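Each of the next two complexes has subunit A plus one other chain: subunit B in the first, subunit C in the second.
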Partner chain A sequence: MTAALSAISRFVNRRQRFFFPAPAVAVLFLIIVLPIAFNLYLTFTKWTVGLGQPQFIGFGNFVEAFGDERVWNGVRVMIYFSGASLVLELTLGLMIALYFNRAFRGSEAVQAIYIIPFAATPVAVALIWRIMLNPEVGVINYLLRSVGLPPGLWVSNEHMVIPTLVMVDVWKWTPMITLIVLAGLKSLPPDPYEAARIDGANPLQIFWYITLPLIRPVLIAALMLRSLDNLKEFDLIYTITQGGPGIASETLYLYSYNVSFGYFKAGYGSALMVVVFLVVLVFNVIMNRLRRDSSVV
Partner chain B sequence: MANVILKNLVKRFNSVTAVENLSLEVHDREFAVLVGSSGCGKTTALRMIAGLEPITSGEIFIGDTLVNDMDPKDRDIAMVFQNYALYPHMNVRDNLGFGLKIRKFPKAEIEARVKEAADILGIHDLLERKPKELSGGQRQRVALGRAIVRKPKVFLFDEPLSNLDAKLRVAMRAEISKLHRRLEATIIYVTHDQVEAMTMADRIFIMHKGALQQTGTPMEVYAKPANLFVAGFIGSPSMNFVEATLVREAGAWFIDAGGFKVRSPESFNARLEPHAGRPVIFGVRPEDMSAHKPAAGAGGANTVTTQADVVETLGSEILVHLTCGAHSLVARMEAPEQLLTEGQTLEVDLKMLKTHVFDKETSQTIV
Partner chain C sequence: MRKALKFAAMAGLLCTSLISTSASAGIDWKQSQGTEIRFLMNRHPFTTYIEPKVAEFEKLTGIKVVIEAFPEDQYRNKLTIELNSGGRVDGYMIMPGQDDLYYSKAGWLQPLDAYIADPKLTDASWDPKDFFASFAKASSVNGEQIGVVINAETSLLAYRKDLFTKFKQKVPTTMKELEQVAKFFYGKEVDGKKLVGITLRGKKAAATSQWVDFLYSFGGSWTNAQGKSNFASPEDIAAFKFYGDLLRKYGPQGGTMLHWAESTSTFMEGKAAMIYDANVFKALYENPKESKVAGEVGYAVIPAGPKGLRLPHVSNWSLSISKTSAPERQKAAWLFIQWATNKENGLGALLAGVPSGRKSAWDSKEYKANDKQPDWTAATMKSFEIGQGQWNPPVINVPEIRDITGQVIVDAIEGKDVAASAKKAAALMDKKMER
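Moving on, here comes the complex of A and B:
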């Protein structure tokens, strides 16, 4: 018995590098590798869930996507929504971080309040905004009317819906950018600033020539982090508009969700997901290259 | 070029006084060194001249202009920082030219001045490199270059050599001195290293606890220190200090230190008189002592019998740590032909004309 046990322990000892990671590898395989592999397989099939078996159709789904007007609409909405919200969040986040970077009385309390939107649950936030934005009973139109301004249709109007969603996204996520940029600002060395003051730079020149280049890597990192979420924004848009009115706020990601889980076209939906993935990937590869080029320290 | 005048300059950080009533004048084209141990207020004083630190009270003049409320950029100064403070994202060329670009100099002028500075400092090959690709010494050259290109009225140096290794420091010391002659500029140089102060300065300003202790040429502050602090700070190794009393015997003044008694030169008499019987500090520099083996019949009025504790050989010179009763002394002298051994009894001759006597209570110099 003892001999058998020691033989087993010797066996395990010699193969520690296989035995110890094995459970984790098995779990990762089950929850990550397998679904991705299955998803990739589905992209080459035509399969409506519940109606028979997946049929292999090669690149048929991608060909179909190319001619699908709703796909192009989804791409346009995605670029519009993400472009506007990322630019605004980065700009506002940077400006507010610069403001918070100077110590002032009560700045900690203000900062704590300021990051609440970021800490709140996205679906809860979206639900509250949906009610507030309601043209008839929403508090926003009530406030507008009470100061004599015309009420808006907000998310009920196809031209207003994206700017309105951008506004909600900016409200929710700018604090995150601020936090990241603020950490970057706090870590900058003080000496170059003093040298620049003596060299003759005014505050605006110091910002342009010193601060901005020095925190560029941080800004790009924040942009990358935010874009990962933003390009496949789901909870906010789905909760507030479900992609409407019509398909005015249906991003590619939302459309692929609708195809997969609304129409149960698993093959086509999977192919669209892969397209979204490629967009996010390409964007981040470019950003990563920019970040590496601009790192100075 | 310009002179710099500080009048009753005070800096307080809350309850801490960093600079106390500092008044001094640095002449046009002078190499002035502000020296003192860390925390003495010298860097704070320099930063106030630069305009990086607001002043609590007092006045600062650069040339004839009162600059108290002027921005650093309007004071026409350049500063070299201890940590170089280069712009990490710019290459050397842009680092050098930044101040000129900001001041809207024409491109050709910037190019010419950058080239001139690079020639002076021998950093031509580094112009396209970023600061992170440079060694400490190279970075310091670039920092110097950035100051030179501006051709300011006054150069401010804040411990520029303290991050360099010993060998490089000696080389850069000479280079900065040469640079000063070449630029004919007013330089205010802050350091804690008295060797830097002695070797580079036209005049030294010694500070302690926020207050100016003494001003003078390197030789003046070495030969005639104003008080105990200056005497101990200038010179390496430091001056030996021994507590003693002044006694008068047979018409002559003697310094009685307990362990030994030496006769003071007659020329000191008038100044010693008022301190008769009072506690004093007797000071003698290591280089004003020479130790030798006891010789029969020798042992004059200025000879002290001691015991050698440690002998440190520096090559051409030796340092001998000596004990004399309760006192410890260090002597610095030429290496003798026959090596001194530790533990042996030695007689030490003091060059009494070069010794000092300080008031123990006030720390001020008596002679």
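Moving on, here comes the complex of A and C:
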């Protein structure tokens, strides 16, 4: 008996590298690899949940996506929304971080209040925004009227909806960029600044020739982190507009959700998800390259 | 002594035979004793009403009933996934107008006609003729009944009685009058508030369930005789245009984002003279805690279209039997559905605020004695009588086609070229329609 046990223990001992990670690997396989593999398989099938079995149709779903107006609308909305919100968040985040980087009285309290939007639950704040933005009973139009400004239609107008959503996204996520950039600013070496001041550089030159190049890798990292979420932004848009009015704020990600869980077209929905995934992947590969190039400097 | 025994035995025999004859008038409720059935339900007021009474049924039949209820959004996903994966579901709640073709094509709906026709399985007192014909039809696919109505709805025009009296306006009976009255009230200032003429749903797919009443009343239809989309027909375009114009010109701002919650709250705030939406929202309008217009609301059937048609829709929740369940459990499920929809429960549910599909419930003394809005009841009865059960596109992929339809409604509200939008939607519908 003991001999058998010690044989087992020797066997395990010699193969620690297989046995110890085995449970984790098994779980990862079950909850990540299998679903992704199944999703990839569905991509090449036509399947409405309930109506028969998945039918293999090769690249049929991608051909359909190519001719689907709502896919192109989704891509357009995605580029518009993500482009505008990422640029604004990065610019504002950097500016505010620079401001916070100087010590001033009560700066900690201000910073604590400032990050509240970022800390709040997305769906909860989105619900509040939805009520505030209502053109008839919302508080925003009430305030505008009370100071004599014309009320707006906000998310109820197809041309206003994306700028309005960008505004909410910027309000919510700029603090995150600020936090990351602020951490980067605090870790910058003091010597170049001293040297620059001795050479008589003005603050603008110091920012442009010293701070910005030094902080670039941090900025790109912040952009990557934010873009991962932003390109597949769901909770904010879904809660406030559900993609409306009409399809004016329906991103590709939202459309693929509708196809999968509204229409139960699992095959086509999976294919659209894969397209979203590829977009996010390509964007991040480019960003990664930029970051690597900049860290060499 | 012997004689006496004989007599007693005779009397006993007589008694048993008497009992058995009286029992044969009804069905044998114990016939599925010991069976356990599982029902998936939407967490709906009917479920709240019936759940505490299930013990009575279990005592009557010896059948064990397991009810699992979920909020509506989760419920639909849960049900679809369970039925698809072959989970053990014996019966469930269904909204036939939304899901009947899909579920029927998927093979999840057991036809009920054989059960109803079998005198051993269906008690004479269940009286199928007591249900409004429009709902029996609405719960049928290809002439086979697949569900029994438990919650009956339609849509009504609700209006502010106080304002109509004050400004001497007549309740509109035609679409033309509807537009005139909406125009009349739009912009009128009452109690420091600027009124809108009418409020309607305008939010893409959500709007189609109310717009469809205008579609039918304008003489339009989802599909033409060839089974192709009928959106490009003059009648359909007129319905899209009328609905969109009404909301854009005389409705609240931001019409394209109005779901029922936004639309009803505008009305309850006292900001709209009229609203067209589900009749059951009476409960909201008349609740003095939530609504500023409680007690001031009148109700009417949809105004008639240009050719005199008045065709509101009726929608319902029904109880159905799962086709994938075993015959013995299906029989028990039928006994449960039969019991849950009998006259007594029809009335009980109605008194608990769940609109019944049974005529007898509405005609009862108990209901009439407590009816505070007889004009609502009268309009509802009229609508039930003339109502159309098909309120969704007659396709399997209802949500997808509703989205396509909703886009035309949105375009109409925004004042775009309705004919062009309808034509485009018709082509898209023909491409995407699955039947």
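As a working rule, the second predicted complex is superposed on the first by the 295 of 297 C-alpha atoms of A that agree within 3 Å, B and C clash if a C-alpha of one lies under 4 Å from a C-alpha of the other, contacts with A are read in each partner's own complex, and residues count from 1 in each chain.
Everything below uses one rule, namely that a residue touches a chain if its C-beta (ideal position, glycine included) is under 8 Å from a C-beta of that chain, and two chains touch if they have at least 3 such contacts.
Computed from a predicted model, the values in this text were never measured in an experiment.
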Quiz item: Following superposition onto subunit A, is the placement of subunit B relative to subunit C best described as a clash or a fit?
Solution: fit
Exercise. Check the residue A:191 against both partner chains and state whether it touches subunit B (first), subunit C (second), both, or neither.
Key: first
Self-check item: subunit B versus subunit C as contact partner of A:136, first or second or both or neither
Solution: second
Exercise. Examine A:287 and indicate which partner it touches, taking first as subunit B and second as subunit C; both and neither are also allowed.
Key: neither
Quiz item: Counting residues of subunit A in contact, which comes out ahead: subunit B or subunit C?
Solution: C
Quiz item: In the overlay of the two complexes, what angle sits at the CA centre of subunit A between those of subunit B and subunit C, given in steps of 10 degrees?
Solution: 160
Quiz item: Where does A:213 make contact in the superposed view: on subunit B (first), on subunit C (second), on both, or on neither?
Solution: first
Exercise. Classify the contacts of A:84 with the two partner chains as first (subunit B alone), second (subunit C alone), both, or neither.
Key: neither
Quiz item: If you take every C-alpha pair with one atom in subunit B and one in subunit C, what is the shortest distance in Å after superposing?
Solution: 52
Practice problem: Across the two complexes, find the residues of subunit A that touch subunit B and also touch subunit C. | Solution: none
Quiz item: subunit A touches which residues of subunit C in the complex?
Solution: 77, 80-81, 83-84, 102-103, 105-106, 108, 203-204, 252-257, 262, 265-266, 269, 271, 396-397, 399-400, 403, 406-407, 410-411, 414, 434
Quiz prompt | Residues of subunit A that touch subunit B when the two form their complex | solution = 189, 191-192, 194-202, 205, 209-210, 213-214, 294, 296-297
Exercise. Spell out the residues on subunit A that touch subunit C in their complex, using ranges where they run on.
Key: 48-51, 134-137, 151, 153-158, 241-242, 244-247, 258, 261-265
Quiz item: How about subunit B: which of its residues touch subunit A in the complex?
Solution: 50-52, 71-73, 77-79, 81, 83-89, 98-99, 102-103, 130, 132, 146, 150
